[in-house]
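Both complexes shown next keep subunit A, but they swap its partner, so subunit B is in the first and subunit C is in the second.
So, the complex of A and B:
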């Protein structure tokens, strides 16, 4: 009796959730506009730069995790070296603005392009191989970038880092306070998400997703897989470079300790927790991880342990992430097919044994 | 020239340790069929087990070998339970990300338990030098190389002459076929994984007494070097992986004769990238593993 009642309750809950989903889908434009307005007026209600700083980090990591997501989630390549691209973007901005005294708005695309070109050099040797080689090459690359930044003293300042990075100006207003940076990061995050959503819906995005689903099939349907994979890698690295370039003037001092492998794992865990292969996933992951970072600050060292446990729990219970749906269906299908094949083999074995 | 020859000897000694790491790594990859990122942490745990056992119960290297082997064996068991057992049929990235999460977990727990700072390792082998013409070689280096050779010989004996070893080879060649001939694939995968991890633990002990320091964060770069060495050997071929480890050790030590020692890791990783450009299958004749 109680079971029936609880089932009924569950069903009503489910149907109401579905209707909510439908409503959200129907009024998407309004909701997005409302969210935008809300995000725009937040700085007027809080004067604490701490809150704005956390929000800035959320936007920054949304871009970074989203850039990683375009590589790992949409085309199924396996990049682990996002911290290296982040570092290249940040160092290009810092060096060009302190040594060459260039304007921030000119440096911004240049930093992205430098990162994209370097990422192409990294990706080229591994385009024809399976994913895991790319993973280890990017991981090694990230470490190489960090070690070069630490040891190439004439260019990067070595262990002293680069200090006194000038703040950008926007039509005469110096972007200096965290309020200004909040708007800068908000605008960059919106541009990133808008661009990515357009790219994903275009021919290029469909090609990426077809590579993720089945590389051989997409190749036989006439997709230049290696070219699209290279393009995908460059696109992700470009935005990681942009994120680095807007990060450098915010902290105003960079050295190699900002770009360790832990930073890469941090970004990776955001993408996994939020969900790969969805636009909203990295944002969700960035909000959760950054919020947890602030929440767990009192327990210090145990923070990374908590993240590691979170990744493991996530992979055990919901490998597609909090916001992910599509990849999970594919995974389940593949799993079922494999299990069926294995079962038939087992039966065949039993038959022959008899 | 003198300096060069001595660096070559150092390189061979370091390469021997890398070879042991790579042997363990390729056993794991072959048996489980998936790449792991926990090997660096396994090596680190082996080093710390040796450190504490030397601290408590005298300076005998054999006790240390057994302790680090067992500690890493147990860690390998947990790695298998958490990362592989339920995910043989799942998409590959699941267990890959699980190994990444698990290695983060172990590394940060180790930093909390053992402390984040470098610890000096005790002197196990008396520092004594032998001179052969220009070349000088220390007793420590001889012990390390001898240990690696003995371990490799033992492993090849196990692989070729025991039932367990033959089952290991069968599982790493074809899981379905070995299932069909009546091998308990999951149990063998578990034992093989633990065996590979145990060899990694011994490599950790050797590294600790070679460098004289241990640190909770030492695993990251070492795991990558183990991976690089076994890529050179075509990922699953044990003998070629050992050769790959030797190569990486020699190249590192010859590389730092040209520049400073802080560029050591850059040489190892650049060499890996160069190998992947020109000969992605490594020394093996074909790309063996489907990972």
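So, the complex of A and C:
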């Protein structure tokens, strides 16, 4: 009986979420414009750098979770090494700006490209791997990057890290305060969402999704899947690298402890909570996880338990994530199961009718 | 004249199991070529070996006189051979139109930068894919379903979508692996007409099928496999009266008139 009631409650929650989704879809243009204006004027209402700092993190992790989502959500490759890509981007920026004294705006695309090229080195030998095997390789890659950063002292400063990373300037204005970084991060996040939304609507995005749905069928239709999987990996890594490159001058000091596996799990949990295979999902996830991180600060390390619980509840009640539609991969599996159950029930009815 | 498709001495072994042994097949332009055989005869394995899903252990495959034996399935698809699968392989969480758009993949030229900047090429490509996709959808009579997620469609329609998707490749030859499997007689009938219509439009078709009525009424040439060997080949009436075929399907002098039915 209680089970039935909780099931009912879940169903109403589910349907209300879905109707919200529909409403959002109908008024998308207005909502986006309003959100943009709101985001632009926020710094004029709050001068507390703490609030702006949290918002910066939200934008930064929107890019990171979004980059991971292009890999895991759109092409269905299971990558866990996002922290590694993040680290490569950050270290590229730090090294090029301190040792080579290059301009931040030139470094930015270079850091992205370096990350993309290194990701290709990971992607090429693993093209035939799927699911959990690819996950383990990318997990290992992430750790290798961290250990390299920790031990390659001449290049990365080893345990001392890299300090005194210069702040970027924008037409003579030094991007120094939280307010400045707020706008930098906002613009980068918007560029990321904009490009990704366009890429996934092209033949490239369709090819990625077809690989996620059924790689063999995709091949039989002439999609060179290896090429597109590699491209997908590079695209995600590129943006993770960009995120790293805008992160380094913000913190001004980086060492390997910023890029542990915990960071990777954090990003992964944002993507899962928000919803894989959707554009808005990683943003929603980033907002929720970052907000909860701040909210739960008083309980210290126990907040990890809270996150774990949250993820378990999510997986149980809404596996496609908060913003996810039925087109996300995990939902697909559960959906199929539900439909099969429904179908067998119907069949049974038909049988008795006969 | 070189035949459109030719398979020479195809063998496919899985370890010690000889799934397909020395099978030849020649398909000429305009054929509806049927491949039949009892369960486990190696029909699908033969198809897979021909379309690059599995490489044949021995033998050669030619498409339009060009050898394609060692090509990957992507490349073979690009060369003009499209196929469907026995267990339907649709992109379940994409709409019917999107499914068909994937079929146009190699006819489009959009690069990553085109798609980000919405260049002329991107716009032309998308227009082409949408228009041609809708054309095909209307051609096969799926106009009502274009926005439906493919996985939500009834079984018979899903089969049609899979064939429509293969048509988007503009294939020189279309391989259909048991298109009528699991269909009721009415659906099978309409599928038969559909395939005949496609043939009228100029598509060359090779089809694996279990439904004898379907094969005998639509195919102009039939190849019979049993235990991986070719046991007969010819037009429907020849195959129907071939003693070896009757033996493969009904057993040795078994059901023939029931003379030895008690044995």
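Everything below uses one rule, namely that the second predicted complex is superposed on the first by the 299 of 354 C-alpha atoms of A that agree within 3 Å, B and C clash if a C-alpha of one lies under 4 Å from a C-alpha of the other, contacts with A are read in each partner's own complex, and residues count from 1 in each chain.
FYI, a residue touches a chain if its C-beta (ideal position, glycine included) is under 8 Å from a C-beta of that chain, and two chains touch if they have at least 3 such contacts.
This one's a predicted model, so the numbers in the text were calculated from it and none came from an experiment.
> On the A-aligned overlay, A:216 touches which partner chain: subunit B = first, subunit C = second, or both, or neither?
second
> I'd like to know which partner A:312 touches here: subunit B for first, subunit C for second, both or neither.
So A:312 only meets subunit B here.
> Should A:304 be classified as contacting the first partner (subunit B), the second (subunit C), both, or neither?
After superposition on chain A, A:304 lies in contact with subunit B alone.
> When both complexes are superposed, which of subunit B and subunit C contacts more residues belonging to subunit A?
B
> Taking the superposition on A as described, I'd like to know which of subunit B and subunit C A:7 touches: first, second, both or neither.
Neither partner.
> Looking at the overlay, what does A:139 touch: subunit B (first), subunit C (second), both, or neither?
A:139: touches subunit B, not subunit C.
> Do subunit B and subunit C touch any of the same residues on subunit A, and if so, which?
Correct list for subunit A: none, the interfaces share no residue.
> Which residues of subunit A touch subunit B in the complex?
Residues in contact with subunit B: 78, 80, 122, 124-126, 128-133, 135-137, 139-141, 143-144, 147-148, 150-151, 261, 265, 268-269, 272, 301-302, 304-305, 307-309, 311-312, 315-316, 319, 331, 334-335, 338-339, 342, 345-346, 349.
> Touching residues of subunit A toward subunit C in the complex: what are they?
Spelled out, the residues of subunit A in touch with subunit C are 195, 198-199, 201-207, 209-210, 213-214, 216-225, 231, 235, 326-327, 332, 336.
> Show which residues of subunit B lie in contact with subunit A when the two form their complex.
35, 82, 86, 89-94, 96-98, 100-102, 104-105, 107-109, 111-112, 176, 179-180, 220-221, 224, 227-228, 231, 260, 262-263, 265-266, 269-270, 272-273, 276-277, 280, 287, 290-291
> For subunit C, which residues count as touching subunit A in their complex?
Residue positions touching the partner: 51, 53, 72-74, 77-78, 82-83, 85, 89-94, 98, 101-106, 108, 110-112, 114-116, 118, 122, 125-126, 129, 149, 151, 165-166, 168-169.
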